[in-house]
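I'd like to ask you about the structure that follows.
In order of appearance the chains are A, B, C and D, and numbering begins at 1 in each one.
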Amino acid sequence: MNSFEALIADLHAFVREREWEQFHDPKNLAMALGSEVGELMAELRWVRSEQVDAHVADADKRKRLAAELGDVGILLVLLAERMNIVLLEAMRTKLEENRRKYPVEAARGRAERPGGGG
Amino acid sequence: MNSFEALIADLHAFVREREWEQFHDPKNLAMALGSEVGELMAELRWVRSEQVDAHVADADKRKRLAAELGDVGILLVLLAERMNIVLLEAMRTKLEENRRKYPVEAARGRAERPGGGG
Amino acid sequence: MNSFEALIADLHAFVREREWEQFHDPKNLAMALGSEVGELMAELRWVRSEQVDAHVADADKRKRLAAELGDVGILLVLLAERMNIVLLEAMRTKLEENRRKYPVEAARGRAERPGGGG
Amino acid sequence: MNSFEALIADLHAFVREREWEQFHDPKNLAMALGSEVGELMAELRWVRSEQVDAHVADADKRKRLAAELGDVGILLVLLAERMNIVLLEAMRTKLEENRRKYPVEAARGRAERPGGGG
């Protein structure tokens, strides 16, 4: 079993031991995912683009950012699992769609969505 | 190389081929992650809890949800990679913290945060 | 001067006195708005739809929800003001668009977006 | 009746005419607010801080940003109203709290949260 699958199994055990399945319907989990992404954004909200790499290089701030990334990842896995969607397959499928949607020659050096950044 | 690591490598190649590294600083990626989670939430916003499992069981809606989960997962990986944080390690670390923070006996059957689900 | 305009003036004074304009570019403010909405969602994430009215009726929880609504409102006003967009006009314009987009007869009793809740 | 109160009354009429109250419980509205903020962030996600003022000055982009601000404002008002919370009072209360929490001398020139702005 590779490490991602092992982590998923451990997350299931964590939830089951605490009898938290009752709170984990798809709507609740999606909302919890939204709140965790909010916490992640809170870490970077007042940092301007030109300072963000220095910010992220700071040991204390990296630790906080890693903790928030971990929370987001856990909620994302729990949500996918709850809906019986295999997250890695969903990501792989989306990557293939994006390859078709943004051919290399047309997309090179341009922000992904015309209206989103030009 | 397991499938998660292979996917990460393919995502790096996808970005590099399109010369999109220039847009992918941590602040931009965190904001893009926030917007993708917004799209995921849009799929479930008008669905009440008691109807959400039937909603998610519908083939067309599952496909849309899987596509949104894929987008969120891709942005999360790109953000972690950009900050040189190993996402699986961050998730594993957070799971261990949560084990200590929410001991089984005390947490059983109670929503994770007292104020958040009471 | 009505109370909304007075509040906007007071928010400007609050920011100016603290010399916080330097942090308040549109990107930072939009990200801060996203993080505040995350805090608001955190208050309701584990509450199922059928329990949410009872939850909201609780005095302590109402106070927390009001505080989060206040934060979101403040950030929304600061963002609009920073972009020289009159928030009330933007809301009025959008309401008129929605009137045209969702005529009463066609929209009655149907969730706003077909794919979003059916 | 001032313009903000008139707008609130018009929003109530808009919802009532379409019989949309049935979808507008606090949880659904909070999730819809999250998705609308996601759309707003999508407009700015690939724009770096040093380019964001030029971006916002563009007429087409301003129009899109104003539309997204309008959506967020409408959802925020609908959510507050649904919970019988007077949004302007909640904002006023929070502003007064922030005045106490961030005294001018201590807060001058420093990002609002120590960990959030470095």
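Here is the rule we use: a residue touches a chain if its C-beta (ideal position, glycine included) is under 8 Å from a C-beta of that chain, and two chains touch if they have at least 3 such contacts.
Just so it is clear, the model here is predicted, and its values are computed rather than measured.
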item	value
From the options A-B, B-D or B-C, the pair that copies A-D, where over half of the contact pairs coincide	B-C
More contacts between chains, B-C or C-D	C-D
Whole-Å separation of chain centres (CA-atom averages), chain B against chain C	24
Distance from chain D to chain C - Cα centre to Cα centre, in angstrom	3
Multi-chain contact residues (two or more partners), chain D	23, 25, 27-28, 30-31, 34, 37-38, 41-42, 44-49, 55, 111-112, 117
Residue numbers on chain B that touch chain D, as the complex places them	23, 25, 27-28, 31-32, 34-39, 41-42, 44-49
Chain B-touching residues of chain C, taken from the complex the two chains share	27, 30-31, 34, 42-50, 55, 58, 60-61, 64, 111-113, 115-118
Residue ranges of chain B touching chain A (in the complex, touch as defined)	2-4, 7, 10-11, 14, 17-20, 22-23, 25-28, 30-31, 33-34, 37-38, 40-41, 44, 47-49, 52-53, 55-56, 62, 65-67, 69-74, 76-77, 79-80, 83, 85, 87-95, 97-99, 102, 104, 107-109, 111-112, 117
